[in-house]
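Shared between the two complexes below is chain A, which has chain B as its partner in the first and chain C in the second.
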Partner chain A sequence: MNAVQPIQLLAPEGTLSENETYSPYIAALSDEDLRSLYRNMALERRLDAEATSLQRQGQLALWVPALGQEGAQVGTIAALKPSDMVFPTYREHAMALYRGITPEELITQFRAVAHAGWTPEKYNFHLYTVVLGAQTLHAAGWAMGIAQDLRTGSVPRGRQEDEIVLACLGDGASSQGDVHESMVFAGSYGLPVLYFIQNNHWAISVPTSTQSKAPLAARAGGYGFEGVRVDGNDVLGSYAVAAHMAEQIRSGQGPKLIESVTYRIGAHTTADDPTKYRSADEVERWKAQDPLDRYRTWLTAQETADEGFYQQVEEEAEDLAAELRRATLSIEAQPLEEVFDTVYAEPHRQIEAEKAWLKDYEAGFAEDGDKA
Partner chain B sequence: MAETFNLPDVGEGLTEAEIVAWRVAVGDTVAVNDIVVEIETAKSLVELPVPFAGTVEELVVPEGETIEVGSPLIRIAAEGEAPAPQGSDESVEEETAEPHAEQKNQPEQKSQKGQRRSAEKRSQQKSAGKSVGEKTPDAGGDALVGSGPKADVAVRRPRVRHTEPDSVDVSDLGLPDPVLPIRDGGSGAAPDIADIVSKASPPVRALAKRLGVAVWELVGSGGNGKITRDDVERQAQEKQAQRSAGGAPARSLPVTASPRPPVPAEQGLLYEGPREEKIQVRGVRKATAANVSHMAANVPHVSVFKEVDVTRTMELREALKKDPSFEGLSVSPMLFAAKAIIWAARRNPQVNASWHDTHYTLKNYVNLGIAAATPRGLVVPVIHEAHTFNTRGLAAAITQLTVDARDGRTTPAEMQGGTISITNVGSLGLDGGTPILPPGQASIVALGRVQKKPWVVDGQIVPRDIMIIGGSFDHRLIDGEHAGRFISDVAAVLEQPGLLLD
Partner chain C sequence: MSAELSTEQQAQQPEEMVLAKAINAALHDELTADEKTLLIGEDIGALGGVFRVTDGLQSRFGTDRVIDSPLAESGIVGTSIGMAMRGYRPVAEIQFDGFVFPAFNQITTQLAKMHNRSDGAITVPVTIRLPYGGSIGSIEHHSESPEALFAHTAGLRIVAPSNPHDAYWMTRQAIVCDDPVIILEPKRRYWLKGPVDRQNPAPDAFTAQVVREGADATIACYGPLVPVALAAAEAAAQDGRSIEVVDIRSISPLDDETIARSAAKTSRLVVAHEAPTFGGFGAEIAARAAEKAHGRLRSPVLRVGGFHMPYPPSKQEHRYLPDIDRMLEAVDRSFSY
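== the complex of A and B ==
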């Protein structure tokens, strides 16, 4: 379909190649950092499996598997600073866990007991956005705020001057008008946004080849900024490319775009049956390029990690899964009144009126004499 | 202490699923998240992981059945004596959510645990606590909209919001005028959910449920036909009055301002229940309907009948019943008819066949289908290679098959591949019938009841055991001659079972 080969440092066989631009970023990582990349991918994979089971057991309204995309997500988030704001889609579980979001916070939305399970400011990680592509507009808006703060010299307390914004999207959302508008604004204002497209090859049942006749990375050129393709199943490549891009954005070079070429091994969501639109052969071909397998091969060969480490990660993953199950089964619905309290930053008369109405309405369920 | 895993909604808003294949059997040990069953929903084939660890105690639903979301699927007995470690989610949820309510109200409604939330649940529990010994009528309660238990799925609140924001003065806030839904009321027939939702607000429905009032029987006295608390309370008082009066409807008491009398008895209904009831077609009923429609519309049926003296068969039956080797087996007229059909099929190959438009296939073997009435409807399980069985073997096979069918354990495989079938309308007290052919078969034999009748034997009228046998045939390949000869042969064997000795 296209001639632009994705940047790849770590091949599926687990061999690392040299690259003048990107290898230095890998060389700067400590053994601890390298092990952490594996740990984060493995934790997400186990959590993903548990959540899928919980949905199949009727405990979750829906689950969106990220299976197969761990390398793309972990590599990229690890390249950012904790102070950088992330605008995820609804599949960035590895990124969410990396930022410290707990299983309980993560599962709240999928259990459908509240609109969201965490406060974005706490983790610099915005809420999962189900409206396709809308988060790219929020990201551009946030970045405009950053630019404004810098211009007026009034960076709010708790935020950093060198903050950049990660705008996540998928190959399907790349066809949305919202994304176009976001990129136009980011390009026009030279905003500090890193667009991160996880091209997992399937927008539910529509293949990327239908979405675009040119590589998605090439779209950036039309908006006046740089776009690169990276092998999303190569966690080291994903890290290095994101780190390189982030560095340039931080130095004031405006937006950048990464097309992370990966694959959704699981279903689009638990309400989807991928066997209806893609072949088992295709899935097998991609499984052979698994991000965890190749990285583990390399880590082991480098003697950066041993069986003891993998065993330890596995135990931690089991605990995480158990915690997810416990949290799912015990999680309480958000009191509906609280929904009103988070609409505006300050008290608002109409919202107060509606809140009072609801209270009265709820009281209508009580038996006579119950109100006292 | 067994845990039950109910069918979850694995998609978004699915209502039912078909059980495609069980991956475990009764007695198997399972761990949490082991795949136990494959189901097919309107959207996809899905493997379900079990939420409990233990031993499989029961597979509630046979393969091939379609069940509703929320229906029991499998029961798992916890290992040893320890209380179930996993999946006691309902009680966990309950305890954390409402410790006080739990303590206050011991006699709680178990079936509703964990299915409802917040205010509604609270009021339920309180209601149960108060009305102990008072006999809360629950008629119609389960049909309340939006409040019925659905599945193990995440709990839902009733989702209705068509009420005026009248509790707060918001006139100066510039809110849009509240829009009330206006719907034509149903004709008093089956309760239309949307109708009830629009006419009775959730608090009113909750009140009706507590008082055992069927909301859809009321005509609201409020604006736009809205059903009010008063309407519900009046109806409840009326019911109470009827009960004290010994059940006789108090005609003189108008229940509401409604022109339509809402008391069922006054309308001369046949039995307790709504005037018309909509029954969803699914499962066995759905399959039966599809099969008989197809066969009746596409296959020209012809039926023949013959009255037979089965006295000798009945004598033989008595003898076999006493034979110890037949102990525990059902020695019925069906057994002899089955033997007779196999014998007659050997002499009349045309009846044991299937039609395929350009050709038809003669079957040189008998897979005998036996129509059986089960609690879930009509099924026709098949005894494969029935011609290879001796009499005792056939008796055992029929006994097993009937028991399985009645217990709902017939597997889809056991219902496939029949070449010729038999239906015992005699067990219904009938003399005969014209059955519709099962798909892919050309003959079905109907057995009437055995009855003592006056019969002429050697010029004398004597009481004999008489039965009418008959059947339906695919007239495209079975002429009257074929059908006649075949039924006559079956009759000959029943008249003279000694023919089987050949």
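== the complex of A and C ==
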């Protein structure tokens, strides 16, 4: 693979370097902001571990670990405004928590009690999309809507005029045709979309080199917009690059692309066994570049955070994990009647007939039970 | 003063127009009625679409509301979903039936499921206009009838108009419907002329209609085959047989009550479509009619349709497509039981 060095502000050793373009974004962050980045990464890491345990204990149908990608996700979402719409993949747990999605809402889909647990517009965070790359076209369409709203002076109530869209995908999905078409539409119409590719090196068992021989960031040039590589395990670099790109998109410069170079420390999903396709050495090398470790080293050295703070975050994380476990075990399955009710927005005679049939059929069992 | 009627005056009374023009008028009237309605598709702007169905609409409503898209069907449907989530009512044109398959994933896994998987929080009122069917003498991929593939997907509505008046009103009703609707436009009937009354709505797009009363047998079909069935009924009448014709109009939902009522009344049912009969939508109709009209039928429900082969070279399509004789042969067979 062509070695284009990713932008990095915070090295794995915890030392911060200067960058003319990006450092000002870090300088503008308050101590509170800086501590918040750590807190959000730590909360997701604890939630992720708890969810993985819950799946191992048979309480979840599936879990999709984001372990190791906390810096990429938290840095990027923190650089956006809450009014910016996000179209996530199915691994954006740190972003979801950052936007206020509750453990119960997040786990609903993985407990398989409903297909989705939250209302997208409440958090400006679309539902997880499981068919890879499909959401990138929805993101482009949403952005076409933004552009049309602005042209006609009809920005919907509750939305902002400077809204941009975050379209998430991974290195695997970068091979999907929908991603190509999304970038064609975004480029052609100059849409306010920030493409955010988390290159975590593995699409289940297939390495990124099978998806592309060129850096994924380089693809943007083919669509007529800018692409940048950033060290995704550097939360400050991730924040600064996303903030810089978001600012340019907001000023009307059209779409941009970030390739966030990170690593999936865990399995693809809890159904996966990564020891079959990658070496322990490789995983260890990446663990040495952990996003939380390096950031904590820096925060401590800067005296921005102390042991008391870390202790407080740890307690909050334990509470979050406990809440996740409680929610997982208590959440009720959506009744099949409600599934019938939302297949269509307007009445559909076959749905009504089948729903009525099921009711009668099951009522028959109840009557048999009464007789017995 | 011009002797010609103004557009408004013309709209006041039934007007003779071809089916393609009726759809154009429906799009025009919905673009006028709701500024959130947008058209998107390949070549729909300056060219007016390869069938000229959108002729003149871009110059009237502008490039932002009649959008020439990149040549990417999945992109057309996928971005339509995003626009619909944002509050728009996109009407997407897929240029030909055979080119809908690049968008099949977006239609079946995304568009159809979005309302359901969001527990009703998201509605996606996307209309997909799909010129479909054969008998136009074209090369491969231009004559397909993919309705069964979509009918099998919960969350989609599918309608197929057979005449200009229905085409006008069913298009308008599809656009204002909050569900995704696929309109199967009978492309070989684009130039079929008939009255369009823009003041008096056609019956609900999602119902079937008896379009010819009869007593001895029923032919049920939709879209391009309705005129064929009417001609078959006319020919049968000469031989003293009274055929009822049901225009199914809506494939999903299916107005099985109307079809079964007609079958029970005449005691014989023939179902016809251009798509292959094997695994086709006619099987669904036959099963439902057999169940609902059981005891009233004097013959099994018979199907007339395409063969289990890729759509043939069009020089042979006259042997592949159901025509008057094929329909009457099935009616004859239904009398042989």
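Keep this in mind: the second predicted complex is superposed on the first by the 338 of 372 C-alpha atoms of A that agree within 3 Å, B and C clash if a C-alpha of one lies under 4 Å from a C-alpha of the other, contacts with A are read in each partner's own complex, and residues count from 1 in each chain.
We adopt the following convention: a contact is a pair of C-beta atoms (placed from the backbone, for glycine too) under 8 Å apart; a residue touches a chain by one contact, two chains touch by 3 or more.
Because the structure is predicted, anything quoted here is derived from the model rather than measured.
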Partner chain(s) touched by A:188 [first = chain B, second = chain C, both, neither]: second
Contacts of A:277 with chain B and chain C, given as first, second, both or neither: neither
Partner chain in contact with A:357 - chain B first, chain C second, else both or neither: first
Touched partner set for A:141, first chain B, second chain C, both or neither: second
First (chain B), second (chain C), both or neither touched by A:349: both
Touched partner set for A:329, first chain B, second chain C, both or neither: first
Footprint overlap on chain A, comparing chain B with chain C: 349-350
Complex interface listing, chain C residues touching chain A: 35, 38, 64, 69-70, 72, 74-75, 77-88, 90, 102, 105-106, 109-110, 113, 115-123, 125, 154-155, 157, 177-179, 252-257
Chain A-touching residues of chain B, taken from the complex the two chains share: 5-12, 32-33, 43-51, 86-87, 89, 92-93, 96-97, 117-120, 122-123, 126-127, 130, 151-155, 163, 165-168, 170, 173, 175, 201-203, 206, 210
Chain A residues touching chain B - in the complex, by the definition given at the top: 49-50, 53-62, 111-113, 270-273, 275-276, 325, 329-330, 332-333, 335-336, 349-350, 353-354, 356-357, 359-367, 370
For the chain A and chain C complex, residues of the former touching the latter: 114-116, 119-121, 126-127, 129, 131, 134, 136-146, 148-149, 151-152, 154, 156, 177-178, 181-182, 184-185, 188, 334, 338-339, 341-346, 348-351
